[in-house]
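Mind having a look at this structure? Questions to follow.
Chain naming follows the written order as A, B, C, D, E, F, G and H, and within any one chain the residues start at number 1.
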Amino acid sequence: MEQDRILHLLQQVRDGSLSPEHALAQLKIEPFEDLGYAKVDHHRALRQGVPEVIFGSGKTAEQIVGIVRAMRKNGQSVLITRLDAEKARAVSEQVDIRYDPVSRIAVSGEQSGVTAPGYLVVAAAGTSDLPVAEEAAVTAEALGNRVERLYDVGVAGLHRLLAHLDTLAQARVVIAAAGMEGALASVIGGLVSCPVIAVPTSIGYGANFGGLSALLSMLNSCASGVSVVNIDNGFGAGYLASIINHMGGADK
Amino acid sequence: MEQDRILHLLQQVRDGSLSPEHALAQLKIEPFEDLGYAKVDHHRALRQGVPEVIFGSGKTAEQIVGIVRAMRKNGQSVLITRLDAEKARAVSEQVDIRYDPVSRIAVSGEQSGVTAPGYLVVAAAGTSDLPVAEEAAVTAEALGNRVERLYDVGVAGLHRLLAHLDTLAQARVVIAAAGMEGALASVIGGLVSCPVIAVPTSIGYGANFGGLSALLSMLNSCASGVSVVNIDNGFGAGYLASIINHMGGADK
Amino acid sequence: MEQDRILHLLQQVRDGSLSPEHALAQLKIEPFEDLGYAKVDHHRALRQGVPEVIFGSGKTAEQIVGIVRAMRKNGQSVLITRLDAEKARAVSEQVDIRYDPVSRIAVSGEQSGVTAPGYLVVAAAGTSDLPVAEEAAVTAEALGNRVERLYDVGVAGLHRLLAHLDTLAQARVVIAAAGMEGALASVIGGLVSCPVIAVPTSIGYGANFGGLSALLSMLNSCASGVSVVNIDNGFGAGYLASIINHMGGADK
Amino acid sequence: MEQDRILHLLQQVRDGSLSPEHALAQLKIEPFEDLGYAKVDHHRALRQGVPEVIFGSGKTAEQIVGIVRAMRKNGQSVLITRLDAEKARAVSEQVDIRYDPVSRIAVSGEQSGVTAPGYLVVAAAGTSDLPVAEEAAVTAEALGNRVERLYDVGVAGLHRLLAHLDTLAQARVVIAAAGMEGALASVIGGLVSCPVIAVPTSIGYGANFGGLSALLSMLNSCASGVSVVNIDNGFGAGYLASIINHMGGADK
Amino acid sequence: MEQDRILHLLQQVRDGSLSPEHALAQLKIEPFEDLGYAKVDHHRALRQGVPEVIFGSGKTAEQIVGIVRAMRKNGQSVLITRLDAEKARAVSEQVDIRYDPVSRIAVSGEQSGVTAPGYLVVAAAGTSDLPVAEEAAVTAEALGNRVERLYDVGVAGLHRLLAHLDTLAQARVVIAAAGMEGALASVIGGLVSCPVIAVPTSIGYGANFGGLSALLSMLNSCASGVSVVNIDNGFGAGYLASIINHMGGADK
Amino acid sequence: MEQDRILHLLQQVRDGSLSPEHALAQLKIEPFEDLGYAKVDHHRALRQGVPEVIFGSGKTAEQIVGIVRAMRKNGQSVLITRLDAEKARAVSEQVDIRYDPVSRIAVSGEQSGVTAPGYLVVAAAGTSDLPVAEEAAVTAEALGNRVERLYDVGVAGLHRLLAHLDTLAQARVVIAAAGMEGALASVIGGLVSCPVIAVPTSIGYGANFGGLSALLSMLNSCASGVSVVNIDNGFGAGYLASIINHMGGADK
Amino acid sequence: MEQDRILHLLQQVRDGSLSPEHALAQLKIEPFEDLGYAKVDHHRALRQGVPEVIFGSGKTAEQIVGIVRAMRKNGQSVLITRLDAEKARAVSEQVDIRYDPVSRIAVSGEQSGVTAPGYLVVAAAGTSDLPVAEEAAVTAEALGNRVERLYDVGVAGLHRLLAHLDTLAQARVVIAAAGMEGALASVIGGLVSCPVIAVPTSIGYGANFGGLSALLSMLNSCASGVSVVNIDNGFGAGYLASIINHMGGADK
Amino acid sequence: MEQDRILHLLQQVRDGSLSPEHALAQLKIEPFEDLGYAKVDHHRALRQGVPEVIFGSGKTAEQIVGIVRAMRKNGQSVLITRLDAEKARAVSEQVDIRYDPVSRIAVSGEQSGVTAPGYLVVAAAGTSDLPVAEEAAVTAEALGNRVERLYDVGVAGLHRLLAHLDTLAQARVVIAAAGMEGALASVIGGLVSCPVIAVPTSIGYGANFGGLSALLSMLNSCASGVSVVNIDNGFGAGYLASIINHMGGADK
């Protein structure tokens, strides 16, 4: 999978420092540690430049603790998403975490400082979109980004959004989270020239059908530069925004 | 159904000028003329104050001619919607109509002058929404309204819409037609204090799913004063807008 | 956004009574107060002629109290919708509200008297549609309308509806709320000549699919003058009905 | 499958007039004739008391001719549904059929006279629902029923329907066909005490989604006695109505 | 609505025994009693030949008691459907009911004896479809029908169903309830010549999507004589089956 | 149903050792025992070569005990699926079962040893797909198969899957369970030449819509040899895999 | 990807017969030939034991000819699916193919003889399902299987299917293709003990929604041993059936 | 909208070089030219740094020519998307364009050279996804990007994709277009650390439901860094990729 590593293995085989059989074994076995219920990938941090992430929902506190320990052993810091308050308490009794109840994110290990050149904006249409917006914001901060929050800026009260044109105009990426007013992504997309990541939220009622309405609305945006992640996927938006915000212009 | 007429019939029966059996017969037979393939309702114009409307799609030119003639006999003017160009030609050879190919509407009989106190706005997000927007506009004009058109004002280019704030602010009703950018209704709904009638259009591609995306987006609008009609139902929007625009404040 | 205010600002700038920088600042900062979790809009009551509305669902009692206080400071009366009984009790311990458990609406501040010229009708198909119907009715009353209620008038028992033809005939607007029998809007739409606002409700079972059946049925109505709001959106229907009912005929 | 025939076969086996092996063979081979592309069932007319029916759509004219001939050989009359005009012409050149272009039904063989005690009503909401309504009506007539047609009686013009209360009240079954106004079935269901068979039609546009709206609306009817067949399935409605109309009260 | 009553009223008016105004009032007021939360229809039993039915779900015990009392006053017996055990207990403390926990139906008043000439069959695919099947069966029994139950006869074990061919063959109507195996209605429809009423149930998991799969499957049945009611609508199926089972052949 | 048995019955009839009437009775009565709430099929184990299976969800503990006893009487072993922990405890107090809380499967009777020639692989994309994957694995083991488990091998970390190419390459069948990453089935399908059974799981959030996303993704797989079972239907996958794994090449 | 080949390459590197750089190149370049518009995979026939397959729909005749030639060069035989008659003619002018217009399949190269131990059954519910059924049957034959066809055996006429119990009972795999009567797969699944591959077809009308109804019905089958492929995917069913039919019991 | 311009206008007003009324007029009129059927935005190129784009579908050749001329007047180059061959010919007779029939894109004006620091990859699963993939690629090239194309790399033949790991690893952005194999985006997302833009295509059949399957699959990707644009929206993907590829690291 990783070209350099494969080439290196092949060179070792040629040099006689590695048997073909062992090379094959390494190709398959090395990259992760198998806990039974999960495979812990010690190379990922290197390969993708970010802390390992655990999707907390659907795992027991015990499983989470196990994975965190395996990761921390190697010095990786860990981000745990979708961690409800009760499970967070159980986990915190066994490993050291910092937990934020709004975004439902816990961090174990050192928080990296700001590493990206500019800032990103997280905009949310209504106050009930906050958990998703905060999941995006806290994720981005944990990955070394400066984040500006613009909340309660739904398009039905356009002046609230327009009052922040300066902030929007300087952003390197904008995340737009909205449940009912999927339009927020389109309107922002028309105002800025940087990438806009739209996050539909499942919050609303009636014909929002669990986020479907916002999802479709965002996909149909006529504003160029807008793309969409899964309903309620604040983490994915924050993660992608961080990648973009860290992009350098030239020498890669 | 019509209380006055029922009461009048009953009075005639009491006065002996009408037998109970004939009264019953009148209750059932009078209000419309049966052409076999359609029932022509001569009282509707009186009852609802508008020309009779024929939904042209799915009727043959012969059937349309027959209905128009039955109506014109009583002096009613007639609006024919969803009339494609070919059928319009066939109809026009037999009865006198004025046909507009963009809105696909034909009118037979005298056009009423402007009868409503203010004007209404028809706004369309893109140029491809024009057939639906024009169906709304031409309908409203045929029903005695002054119409201001704001076309190509999708929210991805917000300044195009904001340039017309004056026009919007004075409108008594706004019709917002959009296929991809269902957001248009929300944004306008936040800018004006009059009723906004949203018309999703089926124009677009991909995840607009034949207008479903715009429909859901408009239904989920957080702007108060917005309601929605069927996908592509420009006629319904124009008709409803006309009712509202004709409303007087006091003496009804 | 507001033309007059912009023009006024520009005039002040020309007169030297306002610096360009301050004008820009005002354009952005003034219209609302930022509580962190929400932006309170002090101009809205003036701009749209109604009390400020708080969508109670998804906000904590503390947040609601905070918003109410910020609004009441300026003398605005406040309407809180989707407020469950428990949260209403918590709110009422800190600010003065009047709470109605059926419509789940609380009002803080003086109730306006009747300000609209005629009355509007709220019709509901079944007794289980009452919460939504009452949300519409109580909203409309809070906004200065006289409301006539026609409940349990589903089309499967047509005589129950027809018995109220007088009431329907004189209405300036009709709201039709129905979960299973979406037909109610069509039938009423065929009987009256005023606007009909259809509210699908999520009440029912099986193939009503959370209100989808009623929603589609109402959108497909062949009766002219019918438009639709979101499933369960009694507030939106009441609000729109109030705008229409307040319309004067001439001098706007 | 047919108990009597099985018992009879068994008795023949016991009597020695049939070998077990032949009995088994008969159980499998006899009831139909295999044309390769279709299996012609000569016992069905006896078993179910109706002419054999060919679903014409998706079969070639040649295949239809082949099936008709196989059936006619045994004296069965045949009903061919969904037969477009062109294919009807091709078929009629080889076998004797009577073709009706509106219902797209052809009949080969003698038409049975009226065999059921009462009549049934076929009601259609709009003129564009006629092809489906006529498929139902012609089917029912071919199966020996007297049919009353009530067309263009959509619920948005309720008086058109109410004018025919007598006809409805005496019907033994009512078929209600509607594309946009699915409500027709509910309203009729509330007016009559006989079974109502609802047929959603695919005719309409926008949010009728190919008949889905009418289908859901009819399924959600609160009127007792209403059941639904597939979208556009006029044949199925006519067939079922005929079974019900032929039911005798006692001696079965 | 009721022709006879209207004619009678008109005759009274002609005879001078009733003023036109009173006649109009009677047309509207008489047929039901208004409890505020519900309208009790005292004529329905006569008009439709069945006890009044209360849909228990979504009504409070108090409301149910009130409606039952209003009905019992006139001697009507009452069927209460969708009544959960707890509410049943509360109701039974105030009015006399017989409650069946499987079908969740309560009856107040005398049970009518068997009044229909033949019997009907209720077939259920799995044991988990029983609540719906029993709702159909108990409803039909309460309306004077003899009912044969065939449970656990899903088509994946065809011999279980075929073992009851005799019972099926003699039925005047068959109700087929199934959640996963919507096929049951088709298979039975091919075996019998009487009407088959299909009831999709919401029981199942995965791609049954709350009954949608069974619903679509039943609507697409190629077996003639099959029609469908709403998902889980056992009552509707039992009611319709009763109407059909009571049909006499001749003199209506 | 079973040709041999029918032929045998017919021969007995011919020989006079069985009367036709008794033969008919046997055809219908013998194959199962009717417990009222369920029909226990004693021939199924013979006919299909597997223990009888009880779908535990939606049955009471009492009903399950009754069915288990009826089956155990004849020596059949029994598999109970979808049995929650609480019900399992209640059942285990009355009959002897071995219960596995992850797969929610209980077994009563002797476990068969491995009877199939090769092994099958159960692959799961994420740890939250484990309950479904284990339902498949435990089912297959109970039916006499050797099972290799590959868990946490979602396609977003391809190297985790590729590390097990050996195991995959030798499998006779692969079951691929995934909720979010429906792609797992496609990727495996492209790597192996044996049948792949895809099991969408309902686990996930947002636009996975209860498993719909994985279901559609798996159905659209371009890899040949992939087929799909119902969402969460681990049992069905394990059962089918067992049939395939037991297939011998020649003499059937 | 292929373990053996990787190991072999590594051994060559160790032996010095291959440089590491060349090994890496081979790992990436060798397995296919790049035509620009397509990548032709010369190892697939070996790897998966079947002729290469071209999905003809959406490719030009020129592209198909190009791919066929590249494959034939290496002696592979080729199966072209979804090839309409016109394109088939164009292709046949340049390369040698045998074309079957019903299944729309063309074969180039030698047809393999029967290589699998038993036969498989292709069952189709109606005559209009034949194109899909034949795609499955012809595919399976091209891959070396003996195929028995059972057509027009929909469950609404159960005796037609039951007449072929012998044929079904001996099959090693059954393919069940059905558009309206998705039930066919369930019924067959209950009658046989071998794997059943269900193919929903898009043929039908109304609420079959392009095959969705049959698809859901088949997925919800309660018969064990049934799995499902994509709507209209006759090829996939035939291919999978062939894999299963070729399975030997022991020595793999 | 543009802060700088507003501030500048305000300064001019203060300086007396502009009257407040003219300032207001400029705020509204200047940014675009109104052609009646479209509003041409001369500032957009400056504001967003790209040529103006015309969505060709749904516009007449005349309208397109008109817009192109208005734009070219100001020296802007123009990109016309979704332009079918026939319309392209008509347009090319009046204005100078370069047209590519695969991507259906025409360019008028000078093509910018490569302006972005790295390259982006466009990967397509099948040959039938090429039109969408090319729309993305040609768009990106027109906006100054170097593009590497990887076509026919669907995940069912994983080695085809893995052979290009080098190319993928160096990309600054990857666009993944796929209709059936939505999994492509997930697999690539797991292999690279740059942003991946997924484009579902409507190409496929059966349960791909016009691209819905790929859309959902891509939204549910567990690979971080993946976002999604509308079905078939190659242009949107190329445009967004270009923005990201042009991002510099520091000084914005």
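Please note the rule applied: a contact is a pair of C-beta atoms (placed from the backbone, for glycine too) under 8 Å apart; a residue touches a chain by one contact, two chains touch by 3 or more.
Which protein is which chain? UniProt says A, B, C, D, E, F, G, H = 1-(5-phosphoribosyl)-5-amino-4-imidazole-carboxylate carboxylase.
Just so it is clear, the model here is predicted, and its values are computed rather than measured.
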Each chain counted as touching chain A and chain H at once: B, C, F, G
Chain pair with more C-beta contacts, E-G versus B-H: E-G
Centre-of-Cα separation between chain F and chain B, whole angstrom: 58
Distance between chain centroids, defined by C-alpha means - chain D, chain E (Å): 25
For chain C paired with chain D, centre-to-centre distance based on mean C-alpha positions, whole Å: 49
Of all residues in chain E, the ones touching two or more other chains: 1, 3, 27, 126, 157-158, 162, 165, 191, 206-209, 212, 215, 219-221, 224, 230-231
Every chain pair in contact, whichever chains are involved: A-B, A-C, A-F, A-G, A-H, B-C, B-D, B-E, B-H, C-D, C-E, C-H, D-E, D-F, D-G, E-F, E-G, F-G, F-H, G-H
Chain F partner contacts - residues on chain D that touch it in the complex: 3, 6-7, 10-11, 13-14, 16, 19-21, 23-24, 27
Contacting residues of chain D [partner chain G, same complex]: 1, 27-29, 31-32, 37-39, 41, 44, 55, 57-59, 63, 200, 202, 210-212, 215, 230-233
Complex contact set, residues of chain F against chain A: 126-128, 130, 151-153, 157-160, 162-165, 203, 205-209
Residue ranges of chain E in contact with chain D within the complex: 1, 3, 47-50, 53, 117-118, 162, 165-166, 169-170, 172, 191, 193-195, 197, 215, 219-221, 224-231, 235-237, 239-240, 243-244, 246-252
Touch list for chain D against partner chain C, complex: 125-126, 154-158, 180-183, 186-187, 189-191, 204, 206-209, 212-214, 216-217, 219-224
